[in-house]
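Next come two complexes, and both contain chain A; in the first it sits with chain B, in the second with chain C.
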Partner chain A sequence: MAIEPIHRWKVVPGRLYDRHHQWVLQEDVLITVGVTDYTQDTAGDILYAALPEPGTVLVEGMPFGSIESGKWVGQLYAPFDGVVIVANALVQDDPQILNRDPYGQGWLIKARATTSLENFLSADAYSAWLSQQDVL
Partner chain B sequence: MDTWRMLDLGPLPAWKQMALDKVVIEARARDSVPNTLRFMEFYPPTALIGYHQSVDLEINRSQAERLGVEINRRITGGGAIYMDAQQLGWEICMKVGASQRIRPESLYPQLAQVVVEALGSWGIKAHFRPVNDVEVDGRKISGTGGVDYYGTVIYQGTLLLDFDVKTMLEVLRLPVEKLSDKSVTSFAQRLVTMRELLGQSPPMDEVKERVQAALMHVLGVRLVPSSLTDFEADAWQQSAETYRMPQWIDRRKPPQPDANYPLENLTYKASGGLLRLTVQTNMAMTHIKTIFITGDFFVYPERAVLDLEAALKDAPLEIHALQSIVQQHYRTGYQYLGVKEEDWIAALSPLCLNRREGSL
Partner chain C sequence: MPLYMVGEVDWLTTQALYHALPTMHEEGIVLCWPRDPYVSIGCHQDWQEFDARAGLPVVRRHVGGTLVYLDQHQIFFQVIVNASHHVAKKSPQQWYQYALAPVVSYLQTMGFAAMFKSPADILINNRKISGNAGGQIEDSVVIVGNILLRFDPEMMVKVRAGSSIFKHSFADALARHLTTLEELSGREWQPETVMRDLATSFHRHWDTVLREVPWDRWNPVVEQVGRSLLQPRWLYAPGMRPRYHQIKVREGVYLRQPREDAWFPDIVAEVDTERQLCLQIWNLPFEVPLPLPYAQIGDYIGDPHLQEVLLSLMDRSTSSSLLP
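For the complex of A and B:
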């Protein structure tokens, strides 16, 4: 019998997740990075997003951008070492797209990685882990 | 009982204060210091913008320079503010957990209670008002904002012992057409200071003592006066200069050099009187940035209008969202004579992108 997660947030299958509540999707050599439904929901109405320029070097675990909601600045953390190929201009122009479609049109960056993605969580593992998180 | 430290380095220029914010939050994130209450005083006077803002959209640079007002960027979110020796900056830096995403609407009321309780020690009845204000009878006495970094947060705000509205209006680019006595009065009505409430401005040291006592009581912690660690002092010395550089202060530019936030003056005739709305939106015109409401309608209590302004701040310009905010506002029991919920929506509707949503 499948165990239903006890949280209410959408987790999309077929992607990998980190513990900063971000998803990655590998498509050939490019990896798309975005925030999860949990991130957009806890943030509330996102009014600003700052994303890196193409060519920016990503260092795993270091902030590469930020979002702002409710006068609060939250960091976006690089999920891997690599380099930014493109940042989503739609998100910078209309940050609320992160609220509306975090797994689709609200992707953040596409990057090339120089480290592996082996420590990421599967959708099921992330969902299970999410069920254990407290929300401030 | 947890032990926190209290840092009070006295008046400093903004670039040193901003650099210290980053040093302290990094040190706390590394677990090399305990949770911290920090007081911030600014000298020279300073205009501070929020982390994601552009100086040229928020501040009149030439006026600031003429008046000797420095300009800087906070690491926290929120809007532009003016700080001089008559405001106390306070901040709480605490660890919340490495994987935690912050829900501002939950965290703010808890931490703002420190200021609410400190003001209560003078008999001032203050309350937290979403999104980020502490108010007294609807008038703002403390504005707040925050940032998180590796599971550590800084939640900070100002406390108005006294306030120079005229200088603020000269330095900040607020939606007023000219510096008339009326606009000064209008802005002054939206803020309240401890001097006005108490008859005189309390000594800064006394305010700090009462904020400390309130923090210990509200959060159930012990507070120990402290100083920076050697590591923090070194990091501060090494990084501070970068916070007075254009690369930091002007890291976000407006879309054009002479850009302004769109400003709309709307009027609507309700049966109870005329509604006059001055609405500044974000550049994309998707959200209200600031709204000032005047008119000749009657409402009891008068704070209702200030609460409605606060509720509409940052609201999306969508009919359904505005309806929800106005409905919520009316549910609190304010008595508007001849001004209905739908009047506000009709007044704001010219700004909405998706008017087809509503049936106006």
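For the complex of A and C:
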């Protein structure tokens, strides 16, 4: 029986998640990376997103970009080793799309990974972890 | 939590310190001020917003916010904490409230009606006395800010790029929205005394431990980090470019001017985005009652282009562009 989450944030099934509140979605060789509803909600109105150029090398756990809201700069962390193929120009032109549609039009980058995605959380596991975090 | 009463140091060290502690995976509260004036621009701010004719040294920080003029008449407090020790704090607002509580408390102890103004200001009598910024650096959360002992609005205006009317309007707005300890009390404040009393307030709130500054251990990292903040590729980077020229005067109050290729590019408006009021308008060809609620713009402005320009400056555009 599924356990109802006790947090208020949307978690989309069929994607993988990391503990930096980012999601990844593998489509053939490309992996799309974005931020979760938790990130956009706790950040507040996002005013700017600095995203990497195509060809940028990603190193797992290291910052690959940043977002700014309310004089606050939050880091975006590479979920895997790899190379950036494309960054979402729509997010750079209209950063608040991250607030409106973090799982859809507000994706951040598409990249090729050179490490596996086996340590990521499933949607259910991420949701359970969010619930734990929310009660702390 | 260690607290370091660093005191007066060179201008670059005041910025390098709070970038260096996260690199060394150290927590701490740093209290300091710069020996000489300089300018600090925000992590994502466009370099073009700095007026290099001012002839002051400039650095780009890794935390948010916009360009600030800084000098020896301001006390800096820098809070560097390991985020994993504070998992219940999720939003920037929670971090700001946490980090600024000892500062608000210090000002209240001095007899001022200081209050936190979200997201990141401290106000006294509705005027800003402390501006703050924050973010993540390495594994740390960093919140940095200042208390104005004395402030030179002319220098602040000088370092901010913009037309002469924009600079004039900025000076006027600063005079109405900023305050200093000296202005409030009518006496001079010594930075050493403010630092000591601020340290007492941090101790009272967080049970901080006063530590000698370990310069021998810190210096190599502080110097290296300082150099990295001046790297041309980092310093001169482009960044945020709102569809109008904009300066935040204090939280909720902005000075805005249309860009050069817009209708009525000489209009400058001071807007209160929270109360939805236009507080001042410069270069308007006729007079209107001020403050003017956004909703009444149409009642006093007949020209549809001018109406649209003003509504756009208030983020209430009826079309997608300020362009003619």
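In this text, the second predicted complex is superposed on the first by the 132 of 136 C-alpha atoms of A that agree within 3 Å, B and C clash if a C-alpha of one lies under 4 Å from a C-alpha of the other, contacts with A are read in each partner's own complex, and residues count from 1 in each chain.
As a convention for this text, a contact is a pair of C-beta atoms (placed from the backbone, for glycine too) under 8 Å apart; a residue touches a chain by one contact, two chains touch by 3 or more.
Since the model is a prediction, treat every value here as computed from it, not as a measurement.
Superposition of the two complexes onto chain A shows a clash between chain B and chain C. Note on chain A: of its two partners chain C and chain B, the one contacting more of its residues is B.
When the shared chain is aligned, chain B and chain C each come close enough to touch A:43. Touch criterion met: A:72 reaches chain B and chain C at once.
In the superposition on chain A, contact is made by A:133 with both chain B and chain C. Touch criterion met: A:19 reaches chain B, while chain C stays clear of it.
Within the superposed three-chain model, A:94 lies in touch with chain B and out of touch with chain C [touch as defined at top].
Residues 38, 42-44, 47-48, 50, 66, 68-75, 133, 136 of chain A lie in contact with chain B in one complex and with chain C in the other. On the side of chain A, the complex with chain C involves touching residues 38, 42-44, 47-48, 50, 66, 68-75, 133, 136.
Considering their complex, residues 19-21, 38-39, 42-45, 47-48, 50, 63, 66, 68-75, 93-94, 96, 133-136 of chain A touch chain B. Of all residues in chain C, those touching chain A in their complex are 42-44, 62-65, 87-88, 90-93, 95, 118-120, 132-136, 239-240.
Chain B meets chain A in the complex at residues 50-52, 75-79, 96-108, 131-132, 144-150, 252, 282, 284, 286-287, 314, 316.
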